[in-house]
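What follows is a set of structures to go through.
In what follows, chain A forms one complex with chain B and a second complex with chain C.
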Partner chain A sequence: MGNFEFPWQYNFPPFFTLQPNADTRRKQLDAWRSLVLDYHRHNKQYTLDIAEAQSSDLFFNKSINRKLSLESINTVLEELRKTENLEWKDKSKKQCMIMWRSPAEWAKLIYQWVTNNGMNNTVCTIYELQNGDDTKDEDFHGLDSWLLDKALKLLVSQHKAETISYDGSDGVKFF
Partner chain B sequence: MDRFAWTDGSLAHQEQIITHQNSVRLYDGDNKTNFDRGNLKLTSFRLIWTADKDKKCVISLSLSLVILLEEQGGGFNRSPKIILHLSAVDAYKPPGPIASSKHSFIKLSFQDGGKTEFYYALKDTLARRGWDLPAANKSPQKPPQKSIRTGIGGIEERLQQKHKDTDKDITQAFQDLSKLMNKAEEMVKLSKNLTQKIKDKRGEITDDETVQLKSYLLSLGVADPVTRETHGSGDTFYKELARQVSDVMTQPLQECGGIMPLSDVYCRMNRARGVEMLSPDDLVNACRLMSIMRLECRLQTFESGVMVLHLQEHSEDESLQDTVCRVESTGSLSADELARLIGLSVILSRERLLAAERKGELCRDDTAEGLRFYRNLFMTQ
Partner chain C sequence: MHRRGAGIAAIKKKNLAQARYKDKGTELASEQLTQLSKQLDSFRSYLEDFASKHKGEIRKDADFRRQFQEMCAAIGVDPLASGKGFWSEMLGYGDFYYELGVQIIEVCMATNHRNGGLIDIEELRLRLIASTGRNRQDITTDDLLMAIKKLKVLGNGFTIIPTGRSQIIQSVPRELTLDHTAVLKAAEGKAFVTSEELQKELKWEKERSYRALDYMVKEGLAWVDDQSRPHQQYWFPGLFSDSMAAA
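Take a look at the complex of A and B:
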């Protein structure tokens, strides 16, 4: 996993001040939105803790000593929520899931892998999907359980899979 | 009788009423006058007589004019009288009921008695010379008092003294100012005369000399200021004023980049006018008419409420472009840096930057060190 390459805006001081001009602000927030998603995709991170956000590289560029204010961070996250790339984990909005791929996209990706490997009508465990040797090269390897669960539920609703549990471990059967 | 003056009956500072008597008739010398029945008041400064019939008919005689008192007893069908011998008329005496009189004494005739009491009161008052007191009394007594008094009383007294001194200083200061105003008025008059003479003698003096003299006059002030007196009130006054402001300010505006805060304009206008001061309201009202009148100068109000006067040819686009170029060449600018670069006030520089930001040409970087502006790379890249 190489170093994440930040976009040019990251070194542009005004990027860290929310712009009052509506048009400019739109562009700025779009840039923030894609930065947050790219950053999480690159680092395969799925959750964001508000308390830690301000000190993370993502919102704090130490080289130019600019930091996005907490208020602005919330504005950016709200943007992400509007585009359904974010879901709050709790009501107090302290932690959130960053979905750089939507559950539907994940579901599609998983189902494709299943058909490509001829695993239709077989059962595999959730653990196998997340951490198994077979999925090592797949994007969904190491996918957050919460997100995986959402994706599988979507497949169930499409009648492409069925979740089963036995002996305390969860499994899934693809059709 | 010519020593009497009309008055409204109000008392002067430190003047006190000592006694009064009804039904008193005034005699001019030995002759009866029309002031036949009235109330006579004795104060520490004056005698004040008010007619019974007409309370607005009030005349007064300054006690300082009284040289000698004489009593005249009454008799059958004659009321007792007091005779007052008077000194010559004071040249600065306010107008009175009788302009001149050959008698240098008057008589007070007490028709309802009370003469004796009045006589002694008057004599006493004259002896005390109350009208001289305010000046004479203070100076010799004050200094020793000052050093003796201590405690709260002393402090209060000192404060009072301080107030008095400040009051005196202020009055003196304003006296100087009014003198200055008078002189300035003369100067304006002189310059007006000179202007008129130049007009009359056109041809005899060369154009160069005329221009030179006029420039001298202008450096003294506006030769012929527009005032409410000369140009009436309301619209005409404002229109003329607007024209004058525009004429006077065009050159200074050109010299300082085509734009100036209204406060500066106000100072410059009043400095140029010298005496006939403008009120801020008048200036604003006049400037509002400028765009309707299609004058050289225009009033502009920024969104922050700052008002400026700018030249008509000075277009906003141009200054916007200039601002953006300056920001681009330096990378980023704060309002005071821009002010230093283009020789404009910080407020106006800030307005320029904000205007450029509103147009989407610049974007801001708001940190603890202050507000800086950058090219709006969000829109261009």
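Take a look at the complex of A and C:
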């Protein structure tokens, strides 16, 4: 995985100060929104911890010594929530899921893989899907359990899959 | 005292002479006219020769283009006055600037969301080269200024703001007063300015500096940096390039 390429704004010092002008702030928040998504997509990360966020290089550009305040980080996260790219894990809003791909998109990818490999009407364990050798080259390899669960539930509701428990390990049968 | 009277004969004679002079005058004028148009014809054919011989150089070589421009200016010809006619047909010379003009508009529109319609001419040049590929290595800022001046025929959309060291191109019609251009000049080179600098360097009252800066924030031209020390900085994305960041 190559180094993440930050957008030009990341080196523009006032990018780390929430702008007073409404139009400018709109552009700024849009840029932050894409940056957070791109950053997580690049690093294949799915969760964000508020306590760690401020020291992460995503929100803190050490080379120009500018960081986004906690309050501003929350404003950016709220933007992501509005566009359904974020879901809080807990009520106290300490940890959240960053969904750079929606559960529906994940569901589609997984089902495509199933069909392409003639796995219809067979059973996979959740572990195999996430960590198995067969999925090594797939984007959903290593997918966060919480997100995978959401995607599978969607497939179940579309009658494309059925979740089963067998011998204490969770599995899924695709149709 | 005896004076020769002005008899009928004398008047007739005078009239005759006047008529002859007039005829001669017309004759001379028409001779000059034919001469002149002959000269113009040969001038034109020389220029056509020159043009077709050096067509490639004019399009490719920025220095050659500039000298050609100067030559035309010296004899009072504006090769860009019209897109049609022999200049553009022979040289593709007008086309060169018209194409450039269109590309300038494209770059300004594409960067408008970032810079609010203000861009440093060097930045514009680099972006233009990047967007049009390797064949455009030799576009100079002179070429850009020329093309932008030609864009004026489209209305007052484009303004060139001289800033001492360089020029800033404004692509969104907007009222900028002398105070605002003074702020841009002060910010040039580092892309930011503080109220304190304006007070010190321009001998402005605090109130005047904030009035100018606040207007530019309101117009989306400037961004506020609350984390700068010791003073709050006002940044201009149109003057900012990535290389400035680490400083």
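Here, the second predicted complex is superposed on the first by the 175 of 175 C-alpha atoms of A that agree within 3 Å, B and C clash if a C-alpha of one lies under 4 Å from a C-alpha of the other, contacts with A are read in each partner's own complex, and residues count from 1 in each chain.
We take it that a residue touches a chain if its C-beta (ideal position, glycine included) is under 8 Å from a C-beta of that chain, and two chains touch if they have at least 3 such contacts.
If you're wondering where the values come from, they're calculated on a predicted model, not measured in any experiment.
Enquirer: Do chain B and chain C fit side by side on chain A after the overlay, or clash?
Expert: On the shared chain A, the partners clash.
Enquirer: Just chain B (first), just chain C (second), both, or neither: which does A:Thr24 touch?
Expert: In the superposition, A:Thr24 touches chain B and chain C alike.
Enquirer: Quick one: classify A:Asn11 as touching chain B (first), chain C (second), both or neither.
Expert: Touch status of A:Asn11: second partner only.
Enquirer: Identify which of chain B and chain C touches the larger number of residues of chain A.
Expert: Comparing touch counts on chain A for chain B and chain C gives C.
Enquirer: Could you say whether A:Ser63 touches chain B, chain C, both of them, or neither, answering first, second, both or neither?
Expert: After superposition on chain A, A:Ser63 lies in contact with chain C alone.
Enquirer: Hey, what residues of chain A end up touching chain B and chain C alike?
Expert: 8, 12-14, 16-17, 19-21, 23-24, 27-28, 66
Enquirer: Going by the contact rule at the top, pick out the chain A residues touching chain B in the complex.
Expert: Going through chain A, the ones touching chain B are 8-9, 12-14, 16-17, 19-21, 23-24, 27-28, 31, 66.
Enquirer: Applying the document's contact rule, which stretches of chain C touch chain A when the two form their complex?
Expert: So the residues of chain C in touch with chain A come to 113-114, 116, 192, 217-218, 220, 223-228, 233, 235, 237, 240, 242, 245-246.
Enquirer: So in the complex, which bits of chain A are touching chain C?
Expert: Checking each residue of chain A against chain C gives 8, 11-17, 19-21, 23-24, 27-28, 63-67.
Enquirer: Across the complex, what residues on chain B touch chain A?
Expert: Residues 332, 357-358, 360, 363-367, 372, 374, 376-379, 381 of chain B touch chain A in their complex.
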